Each structure stands twice: as structure tokens, then as C-alpha cells.
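All remarks here apply to the structure that follows.
Letters A, B, C, D, E, F, G and H name the chains as they come in the text, with residue numbers starting at 1 for each one.
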Amino acid sequence: MDIKELLEEVKSGSLTIDEARFSLKGFPYKDLGYAKIDLHRQVRTGAGEVIYGGGKSPEQINGIITAMAENGQNNILITHLSAEKADGITTTLPWHYYPEGELAVIGGMPRPNGHGTILVISAGTSDLKVTEEAALTAQFLGNKVLRLNDVGVAGLHRLLAHFSELQEAAVIIVVAGMDGALASVVTGLVAAPVIAVPTSIGYGASFGGLSALLAMLNSCAAGVATVNIDNGFGAAMMASRINHLEVKK
Amino acid sequence: MDIKELLEEVKSGSLTIDEARFSLKGFPYKDLGYAKIDLHRQVRTGAGEVIYGGGKSPEQINGIITAMAENGQNNILITHLSAEKADGITTTLPWHYYPEGELAVIGGMPRPNGHGTILVISAGTSDLKVTEEAALTAQFLGNKVLRLNDVGVAGLHRLLAHFSELQEAAVIIVVAGMDGALASVVTGLVAAPVIAVPTSIGYGASFGGLSALLAMLNSCAAGVATVNIDNGFGAAMMASRINHLEVKK
Amino acid sequence: MDIKELLEEVKSGSLTIDEARFSLKGFPYKDLGYAKIDLHRQVRTGAGEVIYGGGKSPEQINGIITAMAENGQNNILITHLSAEKADGITTTLPWHYYPEGELAVIGGMPRPNGHGTILVISAGTSDLKVTEEAALTAQFLGNKVLRLNDVGVAGLHRLLAHFSELQEAAVIIVVAGMDGALASVVTGLVAAPVIAVPTSIGYGASFGGLSALLAMLNSCAAGVATVNIDNGFGAAMMASRINHLEVKK
Amino acid sequence: MDIKELLEEVKSGSLTIDEARFSLKGFPYKDLGYAKIDLHRQVRTGAGEVIYGGGKSPEQINGIITAMAENGQNNILITHLSAEKADGITTTLPWHYYPEGELAVIGGMPRPNGHGTILVISAGTSDLKVTEEAALTAQFLGNKVLRLNDVGVAGLHRLLAHFSELQEAAVIIVVAGMDGALASVVTGLVAAPVIAVPTSIGYGASFGGLSALLAMLNSCAAGVATVNIDNGFGAAMMASRINHLEVKK
Amino acid sequence: MDIKELLEEVKSGSLTIDEARFSLKGFPYKDLGYAKIDLHRQVRTGAGEVIYGGGKSPEQINGIITAMAENGQNNILITHLSAEKADGITTTLPWHYYPEGELAVIGGMPRPNGHGTILVISAGTSDLKVTEEAALTAQFLGNKVLRLNDVGVAGLHRLLAHFSELQEAAVIIVVAGMDGALASVVTGLVAAPVIAVPTSIGYGASFGGLSALLAMLNSCAAGVATVNIDNGFGAAMMASRINHLEVKK
Amino acid sequence: MDIKELLEEVKSGSLTIDEARFSLKGFPYKDLGYAKIDLHRQVRTGAGEVIYGGGKSPEQINGIITAMAENGQNNILITHLSAEKADGITTTLPWHYYPEGELAVIGGMPRPNGHGTILVISAGTSDLKVTEEAALTAQFLGNKVLRLNDVGVAGLHRLLAHFSELQEAAVIIVVAGMDGALASVVTGLVAAPVIAVPTSIGYGASFGGLSALLAMLNSCAAGVATVNIDNGFGAAMMASRINHLEVKK
Amino acid sequence: MDIKELLEEVKSGSLTIDEARFSLKGFPYKDLGYAKIDLHRQVRTGAGEVIYGGGKSPEQINGIITAMAENGQNNILITHLSAEKADGITTTLPWHYYPEGELAVIGGMPRPNGHGTILVISAGTSDLKVTEEAALTAQFLGNKVLRLNDVGVAGLHRLLAHFSELQEAAVIIVVAGMDGALASVVTGLVAAPVIAVPTSIGYGASFGGLSALLAMLNSCAAGVATVNIDNGFGAAMMASRINHLEVKK
Amino acid sequence: MDIKELLEEVKSGSLTIDEARFSLKGFPYKDLGYAKIDLHRQVRTGAGEVIYGGGKSPEQINGIITAMAENGQNNILITHLSAEKADGITTTLPWHYYPEGELAVIGGMPRPNGHGTILVISAGTSDLKVTEEAALTAQFLGNKVLRLNDVGVAGLHRLLAHFSELQEAAVIIVVAGMDGALASVVTGLVAAPVIAVPTSIGYGASFGGLSALLAMLNSCAAGVATVNIDNGFGAAMMASRINHLEVKK
């Protein structure tokens, strides 16, 4: 139905305004108040409320939390939140800070409601921050998460020893820096969709994660897609959308 | 179960050799014959047989087709197959060439057996080759595919007019060159996972697709992952894995 | 007015459907027919109809011309049209091919209706193709155009000899490859807005126009903005928007 | 008139020396005194006096202010002025520091004298610094400015809710980092000239703003030109030149 | 022998489980305990135990040392260990810190057991840190090491004066930043394999070592291979593998 | 003397118009006739007339030659002139084509009138085209030229055998691709100024000459400056300016 | 011994001229005749004579062959020799052309005289040209060579099935494009030195082999060094130097 | 004369050892003592002694100064010496620190002994550090130096007002960041050789000086060569070599 038809149906009364609004899910009302908070995104995209903490002061973050809470939203994820900045959070809502993933969750983790398990695999212990950002975000989004750390391809047996976990995962997130080779190897071993997260771990010609990014984009195995360098959050968002795939009866 | 335990169980007889082999699905036998064809990949990763036609002569392609057919595989996709090269295909199996996607399918398209529809969206008509590679590959992999072409963000209403198709898709593939902006806009409008395919369409500072690639990797909307420039095939592989997500009862 | 209010006004009858559509200028009807031609863009953005000829076959171009003509549009610009491809144009509408700018105009050039003159300056004769694409596009969009070629900064007196033309232009387009220095020099000499077009003229470390692009983006003179490498068309579109600035009484 | 003719007319007396100087507006006298301050730029290019504060000590800035004041210039913009550095400004002229745009204005903001309104649009709150640099500079240059913040394309409805402001602006500045998609979307919705400012907001493959820069240069919508990364000042200079377009009667 | 045959031989008893494990050297047991330490790598690749200290806290490093010691490994190299971090090492094992190479050795240097001498050559004194990382790592791996510092090609005679040392080395590591020219010159003078290590020494267009890296990869002399920028450790690992080449009788 | 003073002196008659023009050497008269040929450049910069043949048709080149000849200029260098294009040159002036440097000279080579010899050194025979462009251009500009080919640093003795030629040259041009190491080595051996010309010879990570360019810019020897990749002409222009240095008595 | 001492010993007679020349192995006599052929390189570096055929005409190649033959050298490798160019070789010496490696060998392959076997591993059949260039060059240099093709990590079992060949090789050359992951995986499985050759196989973000190059330089496994993209020849030169390591008794 | 002949002449006595050493100027004796100081470089290349202070501790610098002084060298330039580091210099020789160029001179500036004046031109006051490094180094090397600061092309008249100084310089060094346009403009105005120094001044797409570097390498004016970003020292070395050109009687 195009917009003209919609307008005509509204005029004729065959469509209520609310119904029109629903089919116009992507065009909600004018934003009001502090910071143009997107009050309808959860409805529209299925994602929970998220505050990107990077480049925001604790005061700004507190302000947004308050505004959200006033709109009844009290289950909030705050990413890119350094330990220092977390000290400035003053909300009276129950919340927990996860230093390893540099994020905080207000209102607790939900029960998993996805189709299966999201497996988060990392190549090395230095990738921990990104790995945890991915794993904790996925939990926040209602997914069961399993971690498999430090299984880089330099010691292939460490990965192969977990062959069955690889097979059983619904979705796999692979976190790796440097040569990014783990993404290709894992994708070749499974039938599940793989999301690759290059990390900025490395030095010299890793060029801040470029080496891993390019390697992952050029994976010789198909069935993998890539997110931005160090973007554990984005990988989890993608994985959660997959794990909540609308399945027709 | 680790390998030593497996070996002991085999020795003791509590595990048959075939059972051991099954749990060793990732380590099949030594390849035999022409070109190390991976005869077990379909079992292992769920993907059909694919021949990458780029950089192979018609003779080499014919040889691989024959070897596959002798192993009982006669449902084959050949990608990156120019019209000229397609003229050199001599198989007696039934096959069809799709010039718009520069690929051929031997043995016909299967019935869709995925969870929902894969929607392939393109920004412009110049992206057609990549779009069709994605759409036809997805069909070959057992997916119902819907196309939505020429809906670049320069004329936003063209995209918004298809709001309902966007909402109904299980998985979305967005194909766009130049500014790659379509990926961000679409991801912000839907709850389904989005796979972005940058294309090399453009000139000057598009640097062969780099502009679109970087824009997609930096999408301000989360829930999207990216494949290599012009990699319609890879996007379809990822989309099909998602659309065939193993759903626990 | 937000969408809900608009819907309510439509329902109440205080707004006719046409009025609603007008204020919804950005959301026209569902596209119909061949190739999703944007039939409303001229209304919406003030730009004439343009066909990007690059990567399209003469047959495709002819088809789009016909579809446009059937909708009453017979003033069309076709860019990136090689002489060879132009030979395949079969329209019965009056048209002219401009080989130096590799473009064709159907229906003739309009009378200038902008505020002043657009001056197109080029650094060297090798930039001619881009220069003419800019100049002819600007004419097609209803602007008076003056050209000033081959005035690169290696012979500064050639530019300074035209100091008065520089002062009198309403908008200036500077086309230059290699060091792109002309853009900075011109911007420092005038009060008019300057649009810089880097060209791919050069070799070695010009890296296909990157040197000129970066130099222009880093102009030490302010009052200049840059378009893509070789994008004479885009520069003219920008210049024409400026030259048709809506001026409040 | 070329220089020889000018010289002959001066010699013959048919041109006074002052008249000659006027037509030689681009070649003023030898600079004298401290720091080669360009005392004639305002006359020549229409722009007010600006001090680039980056890389200058408070002492140097104070010295330049004094020199300017002695030449009767007491309406001065100082950009790239950190709050810390602003503490060192000692001028006795009236001045105001704008921390959000990291700039100071000596002598107050002028009354707007341009043709219309410059609309400054930002994709996210993290772009604030660049947005304010653009908006405040435009005000300093005599323009009426309207701001529209936090309307990134991930929540398209936030932008569309302001469709009428978009239509009414004379010139639009779009400030966006990451995917830079907002520039393309806005340009496609309006007929006014658009100036795109990529920002260095982002991480990983944003490569310090390169992703947004390339996306903007490759905008699929025409009618937009781009300035350097984070260059809010340059965008305002360009916008102000446009908004003060010399309009022939 | 493939895996099925191996399994059958285990079952039949013609192969003991230990023998099977040996031929499966690449697939050791599941890792247990703290940090998935690779307890079998020394057996598998011939390299000693190494802890990459970069990005690890002293606590983490102490924990890994303890775990290794409990497994009987008390000859350990810790690289990328700043002097400050070294202060936090608490092991009771005998250890020594080498500040010039920013590494520590637990358990002392072994006696050289390679075929010949590894010569480590540096272009300038600024390359010292990388040079010493290479030299000390090579010693740790059981090699006799000779150093030749500050012999850059700008003073060619300094290098040529050591012509005989060059001739006598079994393997040569060349450490150089900036133009990386030393690698080409040395490779042209000797018959031994040369490993080139670009360093990030330099500024401007050295782009963090890129200039030296590219020069070394494009060496006009053949018989040289390159490792990552500043990767003295990797060069020593390669050199030691070469110097311990398994030589058939 | 500034412009105002000059004007006053002209008016007062203390300066003739011709004298004023002479001191205004950089501001000659308005260009006339075909193609804005710079008729005064030879006077102004000391360089002979040069036509850049790249991207020009034989017809255009012939036209420029004719226009120059009509102004009395019949000693002309035409660079980037392929053998095929040279066939289209129709001038009746005496001319010679040099296929190895892909350039033509009209009117013959002048007698050398510089201070000393320009030595052109190349690393390999593949650099011949650039080498000859440099050598022949230098001859055209009035320099004595000596060539020393194929002395790359992979065989250092080939270079060192010519140590005395190196010492005796007034100016040295070093042409090298790949690692560009020859520039550093030569600069370290001599006291004369060295001009480095990177070439696009190479493949892979030479990235079209980037490796040599960066290496030369980062030369560990000082006393060298670099021109664009493959720019033998520019190197000769620089060398000739040096070799014609105005020497005060 | 430095040069002065050497000179004094020559003068005093305690050193014969021939002895002096020997210790001056790196400084042979002035080259004579056609093309500065390096007649002493074989002595100096242990490598056979090689002609780089790229960018040379068949006539030039024939000339060099003749000159070498006259100096008694009739065992020559010609690389980068297209089949077409090979047709122009006219030598009367016995020679063979290898189309798969695009090289020719004059005088036959020598008997292997190295310490062990060089194993050349390739990721895919598209890497064949580079693989064969490496393998055949290694043979020409006196090495026993084993090939293992098409064992990319997307099907890991294909590689693992050859675990014993990996263990037995003295030196390993890994040829791979795209993600270059094979180099890391192989290096982690063996104790032998590994030489990685990135190839330009791939498209889009492989950027002509850059993705594989960076991945290999950033290998998470140590004991590997990298040569230029597509440089099979250079890898073989390095491998042969290793395999002919001078072993002290 | 080649080495063999030289050796024979030494043996026969027709050449004294000292004469042989002189003609072997490039091969001085083995370095002795602390830090392989090049005691003969002044003789060989005509350059004074220089210590690169970057990356060296005050202690190391003091050590080198002492070693040089013991060899009779007490006229020394120390570059890249921060004010803080200069505080640690303890030499008893007379010395002076120049904070604006971040360098120190031991033993005073020599009298100028070059052919003419070196003119150092800078585009802006932010380039001061590099400008002074160039100017002071040139003075140290025995050149008369003239400075012309803050004459960027955005205010062209500032440069043109100094037209006569431009004409009178023997060598010109142009220091500019951002668009680097000043180098092209200056080169087009003079006949003297021009050395361009790009600076890292700028932000965003200046990419640390890359924009200026590329612009300078691609200068549309010939007669200019470029040194590394911020390399004022290297520019002065080149300029001094030019200004001390050996002029044949």
C-alpha cells in the first residue's frame, strides 16, 4: 500500500489512525525532549535500548538514562564505558558494570529467547575486550552465549579439540586480530553463519586492524560476513538478529 | 571427547570406526583423483557444490564438472563465468546460463527450503551483475528470493514505497556502490539481519569500491555485516546459512 | 507538522489528500513501469532529468529515453556517453552530442535563469573532458557559463590576466589535476563560492587524482568545497543549485 | 585591461594611482609589522578576520589581536581555541568564548545579512564540536543559522519529521562521521546546495574520518560538495559565500 | 596414512595408542587449566616457550609463568616487556631482564646448538630495541649470535669493512627503518639467507615503517624475506628455524 | 619595490614602461591565439619550450608547434610521445625522434652551457625509458650528460667500479624502481646534489612505484630530493636549473 | 683486515694480488661488453644465472643469452617469460619452456644438492603460476622439490591429510592469495622455516594481493617470513639459500 | 682504474699507499671506538658533522660529542633536539640552542661560502619549526640564508610583493603543509632550483602531511624536487650541495 492509498483510507475511515501509524512503523512521531532519544527503535528493529558511551560525559549519560527511564525504559546497555567513566553513573536503577567488556547493563540480563546458542570465539587473550563486548551484548539482547577463547590457528589443535561446540552453535562470532585467519578456518568447519570481528590487536603492518579486516573480507571460505574493527557490539547485534530470525510455521 | 579418548574407545570397541569417522566429520579421507575436489564439503558445511569459474579455462571447468558427476554430484553452480567462457561448457548434463549474473547452474534450481524470503535490494541498475549473482546463488542454495532494484537513497521515496517488503523479509542483502548509504538506511528500518555488498560501481574516489566498503563497515545502524566488494556469491552463502538456521524444537 | 497530525487532519478533512501529498513531496507514489524512473525528482530537487550513460548499453539508454518521453519529459541530459555509444542512440527527439564533454542533450539547452554566471576554470588542456562535462551540464541546468581554460599556476600571469572575470563570476568551478593548486589560488582571489573538481590527469604519485583531491580538501583558502575526482557533472549540479539560490524578497 | 595598459594609463594620467590600486585589488601593498597580517582580505574576499588558533600560543594570539585592533579590526573569530588556551586571552575588547565549538568571537555576532537560512544538520551528538564550529562561524559571517542535531539515518523518521525545515533552508551543511550517509539522503530530499562535512567520529575502519569523506565524495545524490574532515569552519565559509551570492538585479 | 586407516590400526592393535598419538603430533589433548597454554608447542614446532608481554598485566604474566612452571617448563622468554612492567614480575625462578631488548629470560640462555652463527645487522643506533629483541631471542632459541650495528648504507664503507663477517654468517638478520636499503645491499653481498626487519624508525613519509617494509619486499636482490615492522622476535624465530635446519646424513 | 611605488614611478616618468614590464617579468601580457601558449616562460624561468605530448592528439601537437614557430620558437621538446604518435608529426622544421626516451626534439640539441656534467644513473635496464627521458631532456636544456646504466645495488661492485665518475659529476640523477636503494647509496658516496626518480618498474607491493618513492623520500643519506614516479623530465628540469646556477662573481 | 692493511700487505708482498682479489670477492672487475652482465654473481652469492624476462624483448633476451654463453655460462633461468615471448627465443643451446610457471631453463635442471626437500604448498589452483615459478626455480637452483596444491584452509582436512609431508620438509614455501591464512596454519604445524608468498589472486578488497600480504606479515605463528606479492622466484631463491645452508662440521 | 689495477700499482710502487687511499675516498678505515662515528664523511661528502638527536638520550648525545671532539671535530649540528633534552647537554665547547628550529650548534655558525643566497619560504606561521630547521641547518653548512615567512597562496599578493627576492635567490626552499600549493606557484615564478618540504601541519585529510607531499610531487611546474615530510634538515642539505656546486673554470 502506498502513501496516497493510506491517506485515502484514513480519510474514508477504513483505517484508523493507529492502524495507519502501525503500518508506518518506520515514521514515528516527532522526537521530544532531551537528546532526540529514539523511543520507538525497539519496536521497529527489535533491538533493546543502547547508549554509546564513547565521547559522552557521565553527566550526558546520566541524563539520557533518566529520560529513558521516564519513558518506561529501564533495561539499557551502555557500551564503550571505561571503568573511570562508570564511576560517574548515578542511576538509582539496578545496574552492573562489566569491566572486561567495558560496558554496563541497567535492569539485568534477560532470559535467552533466541533459537540457539551464539558461540563467541577469540584467537588470543589480547582480544578479550572485544570478545566480551560481543558476548555480553548478545546476552543483553536475549541470547544464550558460549565463549571459546584463545584458540588461534597457530595452535590448530586447540580449536579442533572443540569441534563439537563449533558444530552445535546456531551462530558464530569470530574475534581475531593480526592475520584474521581464524575466521576462514572456522567458516570452513561449520554450516552456521559466521560473523567476523577484526581487532586492532597487533603492531606494525597490522595497521590498526586493517590486516585482519582485509583477510576476513577476503576469506577463502564462504558463509562469513564482517563488521568494523573492534566492533564487538555490532557483531552481537547482527548475531542476535540472526538468532531471532522470524521463522514461518 | 578428545582424540585420545576417541582412540581408546575405538580400540576398546565401544565406538565403531564409522561412528568415530562421523564425529571426525571435519577430517575426511585423503582426496583422490583430479583436482582435490572436496567431496565432503556439502556434508560438512551444508553448501552445494560450487565452481569458481574466474581464472579457469573452459577445459578445466569441464574437467571438474566431469569429476564431480562421476561422484554423483550433478547439481553444480559455476560463478564468474563470462558469456564467452560459457560457450565452451560441454557438459551433457542439463544446464542453464544466466548472463545477468554471469553464472551457470547445472541440474536446475532446487525448491526453496529455508525459513523465509531473502530480499536482495540494489541501489542502482549498474549494480545488476552483483545483485543477480547474489539472487541466483541464493536460489541455487534453496532459498526463496525477492528482488528490489534501483532504490538508492538519492530518491528515498522509492525505497520507502516498499516498506512492507522490507518488513517481511527474513534476511536482506543490500547491494550498493559509491556511498553505500543504502545499507545503513535499510538496517535502520528493519529487524532482520542485513548483509551489505559493496560494489566497484563508481569512479574516482570510489577507489574500486573502497568508499562503499568503508561506509558499510562504519554503518551507523547496527545489525549489518559486510562481505567483499562485488561478492554477491559470498553474500548469498551467508544469507542462506542464516535462512537455514538450525532451529531447536 | 508531524505525520500523525497530518493523518488526523486528512481524516478530519482539514487537509485535502492533494495538500497532504504536496507536503509529502519527498514521498511520491510507487514507481511504475520500466526501470523505476524517478518521475518526481525534478519537482523535488529542482534538477532536470539526467541519465548516467556509464555502464549502460545503448539499448538500455534508448529504453529509458522512451519511458521518459512517454511521461512528457523530453529535455534530458545523458552523461558519460562515449562517441561510440552515442552512435547507438535512436531517439526521434531532437538531440545533440557534445564529444568534448562526452554527453548528449535531448531537447536543447534552456535559457539561462540563474542569478549570475558560472565560471569554469581549468588548469590545463588535458582537463578538457571534465571541464566540458561541467560547463555543458551547467548550461543544461539553466545557467550562463563562461570558460577559462589552461590557466594553471605554473604560469600565474595567465590566471591573473583574467582577474576581472574571476571577480565577476557568481559561482566558480575549478578543474585541476596533479597538484590541484589552482583551487587554492582562485579561492584566495575571489569572494564567490568555489567548487573544486580534482581530475585524474597525471601519473605516478597522482594516484588517479588522489593528489589533487587531497590538496583541494586541504586548501589553505576557505570558501571552497570539493566533489569527486573527474566529477564535472556533480560540480555543475552543485553550482547550479547555488546559482538558483532561493532569494527571499 | 592588462598590466601594460594599466601602466600606460597611469603614466598618461587617465587613471589615478588609487584607481589603479583598486583594480589591482588582488595585489595590495607589502605587508608591514608583526606576522604579515592580511589587512586587505576582508575587502578582497568578503570574509571577516579569522585567527586559526591551532598551534599558536596564547601569547601569539594576543599579539595578532592587538595588531589587528591597531588596524581598526575588532570583529575577530578565533577557531580551534581550546578552553585552556582561551584562559590565556587577555584582550580588553569585548569577547565571548563558545566551548561547544571551541572558538571565540571578539566584538560580537553581526546581524544576519544573507539571502536565507543556513541549516546545520548533524548525524549524532558526538559530532557536536564540528557542528557548532560550523554554526557559530556561519553566524559570525553574517548568516541566520538553524541547527538540527542527532538525525542520523539509522532512525530515518527523525530526519523526515523535519522535512519542512529541510525544504526551507537556503543552504544546508551536513555534519556526519562513520558512514556519512546523511549527506546523500539530505541531498536527495532538497533543491538547495548541500555542503558535507565528514567527521573523525568513529573507530576502526573509519580511519579518522576517511570512511565518511569517501562516502560523501561518492554521494549517489548530486548537488553536494565536501570539505575536509572536521572542517566546520570551511563549511561555514563556503555556505556563507553561497548565502551572500551576488544577485544581479 | 589417513585417519580411517589409523583408527583401524588402533582397533586391530597393530598401532598402540601412544604411537597413534605421536603420529597425531599436531592434535594434542584438550587444553586444561589457566589460559589454554600450549603445552605441546615445543614438541611440535621446536620453539621454546614464549610469553608475549604486550597487553598483558604483570599479574597475568605471573599467572602464566606459574602455570608453565607447574608443567615443568622453566625456560621462558617474555617479550614486549617494558622496564616498568618487569618490576612486577614475581617469579622465584632465576631470571634476567634485558632492557635494551625489552624482554626477560627465565632460566638462562641455552648453549648454542645451531649449525652456524646468526649475524644481526642494524642500519642505525635508533634501531637498537628491535635489533636486541632479535639478537636475544635468537640466543634464547639456542643460536650463536653476532651483532653488527650502525652500518647503514649512507656510509657504505662501514658495512664493507665487515665484509668477512658477512661472508661467514649462516643466517643474516637485517634491521633497518626509513629506506630499508641495507637489506638489498647485504643480500647482494652474501650467499646466506637474509631476513629483513623493517623498523618504525623515521617520520613523515616513513608512515610507521611502511617505507622500509615496501622497500624490503621489493628488494632488487633475491634471497631475502621480510617479517612485520619491528618484529625482531619473528625474525629470530625464522632465523633459528633456518639455523636448526634438519640436515639429512 | 612594491606595486604602488612602481606605479608612482611610472607616473612620474622615473621608470619607463618597458623597465616596469621587465621588473614585472612574472606578469606578462594577456595570452593571445591558439592554446594560451606561454610565450614568456623561457624568459621567466630559463626553461626551453616543452610540449607535454601525453593525452594530446598529433593534430593538437602539430597545431601548437605551428603556433610556436610563428612566434619564432623553433627549438622545442615534445615529451611522452609514443612512436605511433610521432608518426603523425608533420612539421617542416628539422626534428628527431628518440624512441628510447619517447620524446622528440625540434631544432636540434644545443651546445652544453652548464657548469658541469649531469650524471644519469639507472638501477636496471628496465628503467631505460625514464632514464633516457631524463638524459635527453637534460641535453635539450643545454647540459653535458653522462649515462651509467644497470648499476643496481644487488651487485654493488658494478656501481663502485665507477666511483670516479660519481665524484666528478656536478649533479646526479638516480633512476630506480622497486626498493629505490640506489639513491641512498649514491647520495652517501658523493658531495654533489642528487635527484632521485622512482620508477613504476616492479610488481606486487611496488604498487606502481610507491615502494621506490617512499624509500627515496626516506633516504638515510641527506643531500637528495625526489621527483614524481617516472618523471625523468622533471628530474632533468631540476638538474638543469642546478647546473645553470647563477654564480655571483 | 681493512683496506689499508690489505694495500700494505700487497705492497710488501705478503699477500699476492690474487689473494687480495679473493678477499675482495665483493668488488670484482669493471664489467665489460654488452649489458653489464654480472659475471661474478654466481661466485659471490651462490645463485645461478637468471634473466628477468619481464619488460625485455626477445631480441634483448637472445643478446644476453649469447653474451653469457660466450662467457661459458650455459645454465640459465629466464623468468616472467610469456609463451608468446618464448616463441622468439633462438638460442641453439638446449632449452625447455615451462608454460605453467612462465619460465624457461637453458641447459637442463641440475641434480639436487641441498640438505632436504623444499615443499611448495598452494591454497588454490588459481595460484598455479606463482607456485610453479617457485617450484621450478627451486629445482633450477639444485633443490629437490615436492608440490602440494589446492589445500586452502576452507577445507582444512585436505591440508591435515598431508601432515607427514609437512613434517618431513626441510623448507616450506606457502603460496596463497585472498586471506593468506594458509601461511599461519602451516607455520603452526611445523618446525621448518616457512616462506610465505602472497598472490594477487582475488578481487575487490584483496587490492591486488595486499590482503594476503598483510595477513602473512601479521601471522600469529612465528617462524615465517614473506616475499613480494606473486614473487615465486624470490621465495625459491630464499628457500634454496636455506636448503644450501653452510653447515659447520 | 679498477681495483686490480690499483692493487698492482701499489705493489709495483707506482702508487703510494696514501694516493691509493685518496682515490679510495669512499672506503675509509675500519671504524674504531664508541658508536662507529663516521670520521671521514666530511671529507667524502662535504657535509659537516651532524647528530640526529631524535630517539637519543642526552647521555648518548654527550658521548658522541665527546668522541667527535677527541677527533678534533668541534663544529657540530644537533637536530631534533627538544628544549627539554637540550637542558641535558653538558659539553664544555661553546654552543647555542635555537628553540624555534629545535636544534643546537656547537662551535658557531661558519661564514657563508656558497655561490649565492638560499631563500627559505614558508606558507604559514605554523610551519615555523620546519622552516627554521631548514634555515639554520643551511647556515651551519656555510650558506647565506634569507627567510620569507607566511606567504601562502591564499593571499597571493603577499608572495608577489616579494617578487624580486624570489628572482635573486640562488636556491629556494619552499615549506608548506595542507595543499602544498606554494611550491608550484614559486617554481613557476623563478629560474632557480626549488626544494619543496611538505609539512605535517593540517588535520583530517592532510593525513600527516600526505596531501602536501603528493601535491608537491605532482607539481604542475617543473624545476622542483621534494624531500620527506617535515624534513627541513634534508632540504637544507640538498640546498647546500647545490649552493656549493663545483664550478669548472
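Following the convention adopted for this analysis, a contact is a pair of C-beta atoms (placed from the backbone, for glycine too) under 8 Å apart; a residue touches a chain by one contact, two chains touch by 3 or more.
Nothing here was measured: the structure is a model prediction, and the numbers come from that model.
Where touching is counted per the definition, the chains common to subunit D and subunit F are C, H.
Comparing the contact residues of subunit E and subunit G by number shows a mostly shared set, over half of all numbers used being common to the two copies. Taking the mean of C-alpha positions as each chain's centre, the chain lying farthest from the centre of subunit H is B.
Using CA-based centroids throughout, the chain positioned farthest away from subunit E is C. Put simply, the C-alpha centre of subunit C and that of subunit E have 58 angstrom between them.
Between the Cα centres of subunit C and subunit H there is a gap of 48 Å.
A separation of 38 Å divides the Cα centre of subunit D from that of subunit H.
Annotation for subunit H: residues 2-3, 26-27, 29-30, 155-156, 160-161, 188-189, 204-206, 210, 213, 217-219, 222, 228-229 touch two or more other chains. Touching chain pairs in this entry, ordered by label, are A-B, A-C, A-D, A-E, A-G, B-C, B-D, B-E, B-G, C-D, C-F, C-H, D-F, D-H, E-F, E-G, E-H, F-G, F-H, G-H.
On subunit F, the positions that touch subunit G within their shared complex are 125-126, 149-151, 155-158, 160-161, 201, 203-206. Put simply, subunit D touches subunit F in their complex at residues 2-4, 7-8, 10-11, 13, 17, 20-21, 24, 27, 29-30. Listed in rising order, the residues of subunit G touching subunit A in the complex are 123-124, 152-156, 177-181, 183-185, 187-189, 202, 204-207, 210-212, 214-222.
Those residues of subunit H whose C-beta lies close enough to touch subunit E in the complex are 26-31, 35-36, 38, 40-41, 52, 54-56, 60, 198, 200, 208-210, 213, 228-231. Residue ranges on subunit E touching subunit G, taken from their complex, read 1-3, 23, 25-26, 44-47, 50, 115-116, 160-161, 163-164, 167, 170-171, 188-196, 213, 217-219, 222-229, 233-235, 237-238, 241-248.
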